[in-house]
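Once you scroll down, you'll see the structures, which are given as C-alpha cells.
Two complexes come next, and they have one chain in common, subunit A, joined by subunit B in the first and subunit C in the second.
On to the complex of A and B.
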C-alpha cells in the first residue's frame, strides 16, 4: 500500500517530481564530478610516477626533476655511488636537452631530447622499432610528423646553433631506430631519445658527464624512505625525491582544484538536500488532511512517516542514478578542457572515476536527502487528527 | 637572463637557507633575474642584489644583510649585500610555482653561473606602436638564430594555462547555472502552488486570469530581485574571503576572484529572466485550472 501511495503522490505532481529529479541529478552530477576531481589528479599522477617502476628521482640539490636548467655534475661517479647501496636495484640517468634537425632551407625543426640508458630507461614506451643504440635515436609521433621522417631514416641532428657563424653546432648523423611514446611529456611535444653519452657529446663541454636526474628503482623489499635518507647523507649535492614527496608537491601546486572541488562538492550536496527537504515539506503541508484521514482509519504513524520518507528516497535515487550518468558525461567534457593545459603529460587525467569514492558521495547525498525529509514527515504524521480534519473540512 | 642560483648567509657557516621539507617548491633554489639596469656596487665594494619579500620572510633576511650566492652546491660563490626587497608581482603564472626571485647585476649572474656573455632574451622598447612591426622585421633580418616576438604574442602564449582555467570555470559556471535554474523553477513552482486557494478565491470573485498571472509574475520577479541582491552581497563577501585566503596562501597581491559590474549585470538579468519564466509557467498552470478544483471541491 505504501508503494502505491508513493507512486500516486509522485505522479500526481508530475512537473514537480520531474523538476525535483532533475535538480537532484544536477547536484549529484556536480558532486560526483568534484569527488572525481579531488582524487583524480593525485591518483593519476601516482599512477604516472609508479608506472615505470622507479620509486625515487634524484635531481640537483634543491630542485625538482626538470624544474630548472641545473644538472648533476659527475654523473658517472654519482651513479656509481648510488649503486653502492644494496637497497638500490637500478639507477637510470637522464639528461634533458634540445636537438635541432636542420632542413635544406637552412631552418630547423627543434625538439626536446632525452639522453637515457636504453636498457634501463623509464621515460618512453617503444611503439615500434627498437631502443636506440650508438648513433641511433627514437622519435615520438609529433617529431616524426614535424620532420617528415620515418623509422629507418638517417638524418643529421645538431646540439645547438651559433648565430655568429650561422651554422649548427655538433652535427651528428643518426638513424631513427624506433617510434616511442614519452610517458612524462605532453602529447603535442616533439621529443626524441638517444643514449645519454650521445646527448652529452652533443652538448659539448657544458654537458660533459652531466645528468638532469637519475631515476632509482629500489630493491625488492627495500624501505624507499630509508633509501632516500641514505642518498641525502651519501650525496649532499643532490636531492632525492620519493613518489610520495613528488605527489605532495604536485598536490600543493594544484591545491586550487582540490579546494574548488571541496567547495563546489559541498554546495551541490547542500543544494540537493535543500531541494528535497523543501519539496517534502511543501508536499507534507499540502497533504496534512490526507494524512489525518489515513491516521483516522487506523494507519500507523510510522507507516505514514515511511511513506513520506520513501517519496524523498525515490526522488533521491532517481536523481542520483540520472546524476551518475550526467556526472560521467560532464566529467569527461571537463577533463578534456583541463588536459589541454600546456605541457601536461598525456597520461594525466584530472577526473578519475573511483567506484568507492563515487558510491560514497552519492550515498551521502541520498542519505542526507532522505534525512532532510524526516522532520517534515514526523511533523505531518503527528498533527492532531480531529483538529486537522475539522480545519480541512472548513 | 634567468637561471637557478642558491644563496647562503655569509655571517654564518655556509649552509643552504632553504629547508626542502619546509619550502618544497623553492627547495633552496632561487630564480634569479639579472638586469643590466641595476646599480653598481655599494660603498663597501660588495655588489648588491634585490630579493623578493617571500624569500626575505622565509630566510629571515633584511636590507643590508650580506649573503653568498652560488650556482651549484660546493662552489665558492660571490658575496653580495641585499640592497632592496621587492614585492612579488601579481602575475598568475608565478602563483603556483612559488619560486623565490633574486635580482642581480647581469655580469655578476653570468659570472656566478659561468654562463659567459649570454642572455636569455632582450627586452626592446620601441617608439610607438607602428614601429613594432618594423623592429621585429629588422631584428629577424639582422641575424639568423634570433627571433623577435611581440610582447602581446608572448602574453597570449604564456597565458595559455589561464585560458584553460577560464574555459574550465565557464563550463563549471554553466553547470551551476543549470542547477540554480532548476532549483529556482522548483521553488517558484512550489511557492505559487501554495497560493492555489488564494488564486481560486480571486478567480471566484471575478479577477481575470491575466491579472492573476501578472500579479504572480511580478511577485516572482520581486522575489528573484531580492534573492539576486542577496546573492550578489553573498558573492562579494565570498570574493573577499577567497582573495584573503589565497593571497595569504600564495603570498601574492593577485586577486583570485572579482565581482565586476558585468558579473552583477549578468547574474541580475539571468536571475530575473529565470524568475519571470518560472513564475509565468507556474502561474499559467494555476490560472488554467478551474477555481473549484483549486479549492479541492471538484
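On to the complex of A and C.
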C-alpha cells in the first residue's frame, strides 16, 4: 500500500515529478562524469603501461623514458647484464629517432621511428601485415597517409639530412611489412618501427649500440621493487622506473583533475540533495492535512516516514538512471574533444567508464535521495495531529 | 449496553490560538457505554471537537484522564496511541479526508493494510463494507468521481475497516446538503442498531435527534446530558457488517 501511495503521489503531480527527475538526471550526469574524470586518465594510463606486460623501464641515468634525447650506451652489454637476473624474464630495448622519406621533388616526409625487438616489443599493435624483419618497416596510418604508401610498398628511407651537401644521409631501401597502431604516440603523429639494429645503423656512429630505454618484463612471482633495486645496484649508469612509480608520478601530476572532479562532483551531489529535499518538502507542506488524517486513523509514524522517504528515493533513483545514460553520452562527447588535443597518446582517455564508478555515483545519489527526504519525512510524520486537523477545519 | 467503553475524569484541555490561550475543555467528566449513540452539540468554539479529539486519542488532556476500555489514553506512548486509534477507533471527518489518488476500495483497505490484514481478506472486507454503505458499484471510483454523500459513506466504511470499538464523527454532515445529510443520519442509525458505539459532534439537529443521548456543551463545559428516545429505523438486511 505504501508503494501505491508513493506512485499515486508522484503521478499526481506529473509535471513536477518529471522536472525533478530531469534536474536530478543533470546532477547525476555531472556527478558520474566527474567520477569518470577523476579516475579516467589514471586508469587509462595504468592500462597503457601495464597492457603490454612490462613492469619496469630502464632509461639513461636521471631521465624519464623519452623525456630527453639521451641514450643508453653499450645497449647490448646493458641488456645482457639485465638478463643475468633470474627475476627478469625479458628485456626489450627501444631506440627512438627520426627517419625521412625523400620524395622525387627533393623534399621529404619526416616521421618518428622506433627501433625495437619485433618479437618482444611493447610499443605498437599490429593492425595488418606482419612485424618488420631485416630491411622491413611498419607504418602507422598517419605516416601511410602522409607518404601515400601502402603495406607491401618498397621505398627509400634516410636517417638524416646534410644541409651543406643538400642530400639525405644513410639511405636504405625497406619494404613496408605492416600497418600498426603506436600505443604511446598520438593518433596524428607519424610513426614507424623497424628492428633496432636497422635504426641504429641509420643513425651512424652516434647511434651505434645505443638504446633510448629498455622495457623489462619481470619473471612470474618476482618482486618488481626488488628487481628495480637490483638494477640500480648492478647498473649505476641507468635509472629503473617501475610501472607503479610511473603511475604514482602521473597521479601526482593529475591531482588537479581529481580535485576539480571532486569539487564539481560534490557540488552536483549537493544540488541533487537540495533539489529533491526542496521538492519533497513542498510536497509534504501541501499534504500536511493528509498526513494528519492518516495519523488520526492510525497510520504509524514510521509508515508515513517510509512513504515520504521512498518518494525522495524514487525521484533520485529515476533521475540517477536517466543521469547515468546522460552522463555516458556527455562523457563520450567530451572525451572525443579532449583526446583530440595534439600530442596525447592515442590510448589515453579522460573519461573512462568503470562499472564501479557508476555504482559509486548511483549509491551516493541513492543515499543522498534518502537523506534529502529524511527531514521533510520526519516533519510530515511528527505533526501535532489535533492542531493540524483544527486548522484544516477552520 | 454493556458498561462504559469510554470514561472521562475531570478532563481539561487548553491550547493557544495566536497569542490567546483557549480553555477548550474545562473539567469534563462523563462515561459512554458500549453500543451507545451519543451526539455532542453546542455552539461553535464550545470545545466539542477538542473533546472528540481527546476521546479519539489524537490529543492528550492537560489535566484529568481519558480511559478507553479501561486504559488511560493519556499515558500511552505515540506508538501505542496510534495502534489504539488504528484498531479500536474509527474516525469520520467533516471533509471526508479520503486520499484522492486511491479508489474507494483502496481507501477502505488502507487502515486494514496498516493493521497487517492480508490482501485478499482486506479486499473482501472492503467490498463488504462498501456494500453495507450502499457503494458496492462504486468501489473502483476515486473520491473526485464521487458525490459528497458518497465520499462520506466511503469514509464511514473506512472508519469501520478494523472493526473498531467506537466510531467518532466530527460534523459528518457539515459539508452535505439536507437530503444527503439525512441519508448519512440513517446510515449512522443503522450502524448503531448493528452494535457500533457512535459519538457524533454535530450542529445538525436531525443527526443529533437520531442519537440516544445528547451532550450539550458550552464554554468547554458539559451543561446538559440527556438521554432521549430517538427515531428508530428498522434493521437493515446487511445488519452487523460494521461489527462482524
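Note that in this section the second predicted complex is superposed on the first by the 394 of 394 C-alpha atoms of A that agree within 3 Å, B and C clash if a C-alpha of one lies under 4 Å from a C-alpha of the other, contacts with A are read in each partner's own complex, and residues count from 1 in each chain.
The criterion applied here is as follows: contacts are C-beta pairs under 8 Å (C-beta built on N, C-alpha and C of every residue); 3 or more make two chains touch, one makes a residue touch a chain.
For clarity, every value in this text was computed on a predicted model and none was experimentally measured.
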- Query: Of the partners subunit B and subunit C, which touch A:134 in the superposed model: first, second, both, neither?
  - Reply: neither
Query raised in the report: Given the touch rule stated above, what does A:340 touch, subunit B (first), subunit C (second), both, or neither?
Result: first
Kindly classify A:301 by the partners it touches after superposition: subunit B alone (first), subunit C alone (second), both, or neither? second
Larger residue footprint on subunit A, choosing between subunit B and subunit C, goes to B
Query: In the superposed arrangement, does A:23 touch subunit B (first), subunit C (second), both or neither?
result: first
- Message: Contacts for A:8 in the overlay, against subunit B (first) and subunit C (second): which applies, first, second, both or neither?
- Response: second
Query = Which partner does A:385 contact after superposing on A: first (subunit B), second (subunit C), both, neither?
reply = second
Subunit A positions within both the subunit B interface and the subunit C interface are none
The residues of subunit A that touch subunit B in their complex are 15-16, 19-20, 22-23, 26-27, 29-30, 33, 60-64, 68-70, 73, 106, 161-163, 166, 236-237, 239, 245, 248-249, 252-256, 260, 264, 268, 271, 274-275, 278-279, 282, 285-286, 330, 333-334, 337-338, 340-342
In their shared complex, subunit A is touched by residues of subunit C numbered 15, 49-50, 53, 56, 58-59, 78-79, 82-87, 89-91, 93-95, 97, 99-102, 106, 109-111, 113-115, 158-159, 162, 170-171
As the complex stands, subunit B meets subunit A at residues 3-4, 6, 16, 18, 20, 24-29, 31, 72-74, 96-98, 143-146, 160-161, 164, 167-168, 171-172, 175-176, 178-180, 182-183, 185-187, 189-190, 193-194, 246, 249, 285
Within their complex, subunit A touches subunit C through residues 1, 4-5, 8-9, 11-12, 289-290, 293-301, 303, 385-387, 389-390, 392-393
